[in-house]
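Per-chain residue numbering starts at 1, and chain names A, B, C and D are given in the order in which the chains are listed.
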Amino acid sequence: MDFLSQSLAAALEMIWSLDDEMYFIVYISLSVSFFSTLIASLFGVPLGFLIAVNHFSGKRVLITILNTLLALPTVVIGLFVYAFLSRRGVLGFLGMLYTPEAIVVGQVILILPWVAVFTMAAVSRIDERYRYTALTLGATRLHAALVVAREARFGIIAAIIAAFGRVIAEIGIAMMLGGNIKGFTRTMTTAMALEHNKGEFVLAVALGIVLLSVSLVMNIVFQLIQGRYGVQR
Amino acid sequence: MDFLSQSLAAALEMIWSLDDEMYFIVYISLSVSFFSTLIASLFGVPLGFLIAVNHFSGKRVLITILNTLLALPTVVIGLFVYAFLSRRGVLGFLGMLYTPEAIVVGQVILILPWVAVFTMAAVSRIDERYRYTALTLGATRLHAALVVAREARFGIIAAIIAAFGRVIAEIGIAMMLGGNIKGFTRTMTTAMALEHNKGEFVLAVALGIVLLSVSLVMNIVFQLIQGRYGVQR
Amino acid sequence: MTLFSLTGVRQVFEGRTVLDIEHLELSAASSYSLQGPNGSGKSTLLNILAFLEPPTAGEIRFQGRVVDWREKTLHLLRRKVVLVDQHPIMFSTTVIKNVEYGLRMRGIPSRKRRAAAEAALERVGLHAFADRQAHRLSGGETQRVAIARALACEPDVMLFDEPTASVDVENQALIEAVIQDIRRQQRVSVIFATHKRLEAARLAERRIFLFAGKVTGPGGENVLSGIIAHRPDRSVCTLGPTVELEVRQRLPSGPVRIAVKPEGIRVYSAAERQNVAFTSVLHSGRVLQMTLEGDAVKLHVDIGIPLKTVLSRDEAVDSGIMVGDTVRVAIDPDAIQAVQG
Amino acid sequence: MTLFSLTGVRQVFEGRTVLDIEHLELSAASSYSLQGPNGSGKSTLLNILAFLEPPTAGEIRFQGRVVDWREKTLHLLRRKVVLVDQHPIMFSTTVIKNVEYGLRMRGIPSRKRRAAAEAALERVGLHAFADRQAHRLSGGETQRVAIARALACEPDVMLFDEPTASVDVENQALIEAVIQDIRRQQRVSVIFATHKRLEAARLAERRIFLFAGKVTGPGGENVLSGIIAHRPDRSVCTLGPTVELEVRQRLPSGPVRIAVKPEGIRVYSAAERQNVAFTSVLHSGRVLQMTLEGDAVKLHVDIGIPLKTVLSRDEAVDSGIMVGDTVRVAIDPDAIQAVQG
């Protein structure tokens, strides 16, 4: 237990002393995850909403495809994007491999289906009669859709938070597309997984504490919103 | 596109020719994931069931803790178990670090809360009146509990399948506790993430295809069960 | 003035015709009840009249103009007609914001909106609830807020789907009073679906009866399941083990739902056996219930199947029929409407 | 023989007393109806009689023995009593497996089980449904299978919670016939909760009325909300804008729920004003409805509030009262039971 408690103490000391290297890794993680989530939400929320409120041929197929994309392992996404971005790949000329942007691309592919599917579920849960009520009170179609979106807001926010929680904790994409380059693409997860047995165990523990804290806070917010959401419906 | 299609062709050839190395990696992945899921289910299903059907003080707290454990990032679990199993750790004398057993330990910690929480949710969804109906028809308490478990069976099976899908695709724990030792702890995910840029790209693609296939099959079974389940309730 | 004019309106859901109206005219500034058994098409008709669901076929004129079902302009029509659902949906915000919603959609400025919404809440007696969360209301209060929300829109027509079916007795009285108030004080037309005959009698100037999607006479009451059989000389419908009614309508053998119009049922006291109307067949029955209905008395007679018919108060007094009496019942074959299935 | 004997039985949920029975005896091989408004404790009592929920306090004797509420032996008692719910739960398997379930729990061997289950299905007319999936049944069929499932257990007591409340007219008739059949042909006791007075009259030898958790006389009908006020000489309960009833019970001022026993209500035709019973106060009212009930006639009178009372057939004929007549109504203050809230 001695070893563990020593590492913990050193890690806390590192967090407390505002260690530059550590905080820069945290910063990269948060900013990459933020942009991934932002981009995935910008496309995923409207996509999920449109699927939920519209009837069109192929809707079932599209839902099945999205559900299937939920099962994409991170390493498969990583490999797939790698094949495009590597020097030998079609998009190799962009020079994006082993940059934060490459991680964002992979993570967007990872969570866009999540955001879309959970937005769709949240919107679908809203009774058709909300729309009818808005219409009979004189709303245009657009306003009626906004009413539905408003009623589904907690579910949509919960979906976005869950997506952020997923990307901040994922490692496969960050490693394969970022390459764990110190000060550039080294995220909390890649640093923890690859550096701890190179003697940077204290850093790994400190990052673990930060990552765990972020994950728990996300989880608490998620549960609070779900609770609120559950009460209301 | 040339590079991608060449790799794909070579990968398919590798799968088709029953490449020993590749299939051994697949075998290790499947067996590790199988045992993780088995152990997590043996403990998680009864745990979830007991929480769902019993009323006791601290029930809410226990549920909150389990929900919180859902958010544990794989790398945090990996680091935590590492701290115990490493030569300097409390359980270092077991010599378990960098063995398949170590991966199983970490993965059980990862998915046991999942299995428990989703079993609990599935059982809680079963109307209290199922139990009352069994009781009024003369069932003992044990038999009434079995009725409830039977009604929740699709939900429980779905939970176990989802857990298997999660461990087969995870990489953080497999890497930190297994160490990607060829022929021993090298799983599909660790091989894909670490080996592709060491020239084993074809192997990585082949493994990607297998992993994707396994994930998709799990996902299809999961969706079928959920569909069945959804229809019935 | 004609408010709604429906011609050849049919609504088909999943291959099943749930509404089939040859012709129906509804006048402005009047009140109508829509009555009929479950599944007779009441809610479907209300949704069409509210412009929420286009019919599968047929033409609808509203205030003299043919309704164009393209979404682009439909909201302008919808702003003249508000439907209050049986289980009204409240938006997850405050009561007052709910009531203001229709006004906001109409571009009314915020201060005016608030005043109008408060006035509407006042009318349903829930002024004090303005700042409560709408989802916290009881069923009866929700129903009343929904009526206020509709009132605030100042529509030409208010449609209600079973406004009192899901509320307790006290709220029922309050809601009926509000509807009566709307009917009296405004140029608003009221059309409401209801199961309650007494409510229809109290609130409606005119009554529309639906049976299996069709407008029928006021016979939506004696709805029964039977089986059509063909005899050499006539077609009959057997109902239960003992009762057989003659049917004039031509239908293939098999199960049917029938509706017997009350005016086609005559009840004679056991003594008075001469001068019998319609047919030679007399059913023996017992009077189970007599109910006052406006100026008429509704009789509930059991002839092996339950039948309801209506007498004037004078007829009832003259006949000397009392609850519990054994009576003879004649049924006009032409008063029987049958629908397959 | 006494089947159930309840003494001082109280059930409290979340601080609210929902059942409070001083003493109640139910005889074996008899049939009882449980009547009363929503929330009067009917389902709670049924759950206690089915040994599903122990009461908060009180003693229950079943077949002469005090019930021990420890779970260990309770299933042996439960095997003598089966409760059929209003919305029965079907296990997600075939109909026949559902019906066999109780027999399986009793360790009956498989072949005998199947035969008994088929016989039970036969009794509810659903023999042909044996191999269907139970979840695919309609509401009425589900109810009937649930009855068959209970019958198969060959219990001493069958409890029904509103057996016909959620089914259509045809299934209602079928279910009533099955219950009547159970009541006639077996030594089985039947206890059923119902809202339907006619059903209670048809199926029950004895009737139990609950009001606010207490056993009352057959007055569960005139349940109204009012406000108690104290006058110098007496206490009154005001109901609605115009009606004021004298109350003998001592209660603090404030809102109450009251129940007026029908036997405490006398109705006089407008002419006959002498010899008035109970009090000097006479209410003016109108007869809205007369309903046959066994050998009696139930009168529904509106005196500003709706009241129901019962006359014998002879009294009704003699009084010459007709539906629509204006009448005078006297109410016995001792017939009014009030409960705070």
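We take it that a residue touches a chain if its C-beta (ideal position, glycine included) is under 8 Å from a C-beta of that chain, and two chains touch if they have at least 3 such contacts.
These numbers were taken from a predicted model, which means no experiment stands behind them.
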Set of chains whose contacts include both subunit B and subunit A: none
Chain located farthest away, centre of subunit A as origin (C-alpha): D
Interchain centroid distance [CA atoms averaged], subunit C/subunit D, Å: 31
Distance from subunit C to subunit B - Cα centre to Cα centre, in angstrom: 57
Geometric centre distance via CA averages, subunit C-subunit A, whole Å: 53
Subunit A, residues touching no fewer than two other chains: none
Shared interface positions of subunit D, touching two or more other chains: none
Overall pattern in which the protein chains touch one another (line/ring/star/complete/other): ring
Interchain pairs in contact, sorted by label: A-B, A-C, B-D, C-D
Residues of subunit D defined as touching subunit B within the complex: 50, 52, 71, 75, 78-79, 81-83, 85, 87-89, 91-92, 101-102, 105-106, 135, 149-150, 153
List of subunit B residues in touch with subunit D within their complex: 127, 129-130, 132-141, 143, 147, 150-151, 232
Interface residues, subunit C side, partner subunit D - complex: 170, 225, 286-292, 297, 300, 313, 316-317, 322-324
Footprint of subunit A on subunit B - complex, ascending: 1, 3-4, 7, 64, 67-68, 70-76, 78-80, 82-84, 86, 88-90, 165, 168-169, 171-172, 175-176, 188-189, 192-193, 196, 204-205, 208, 211-212, 215-216, 218-220, 223
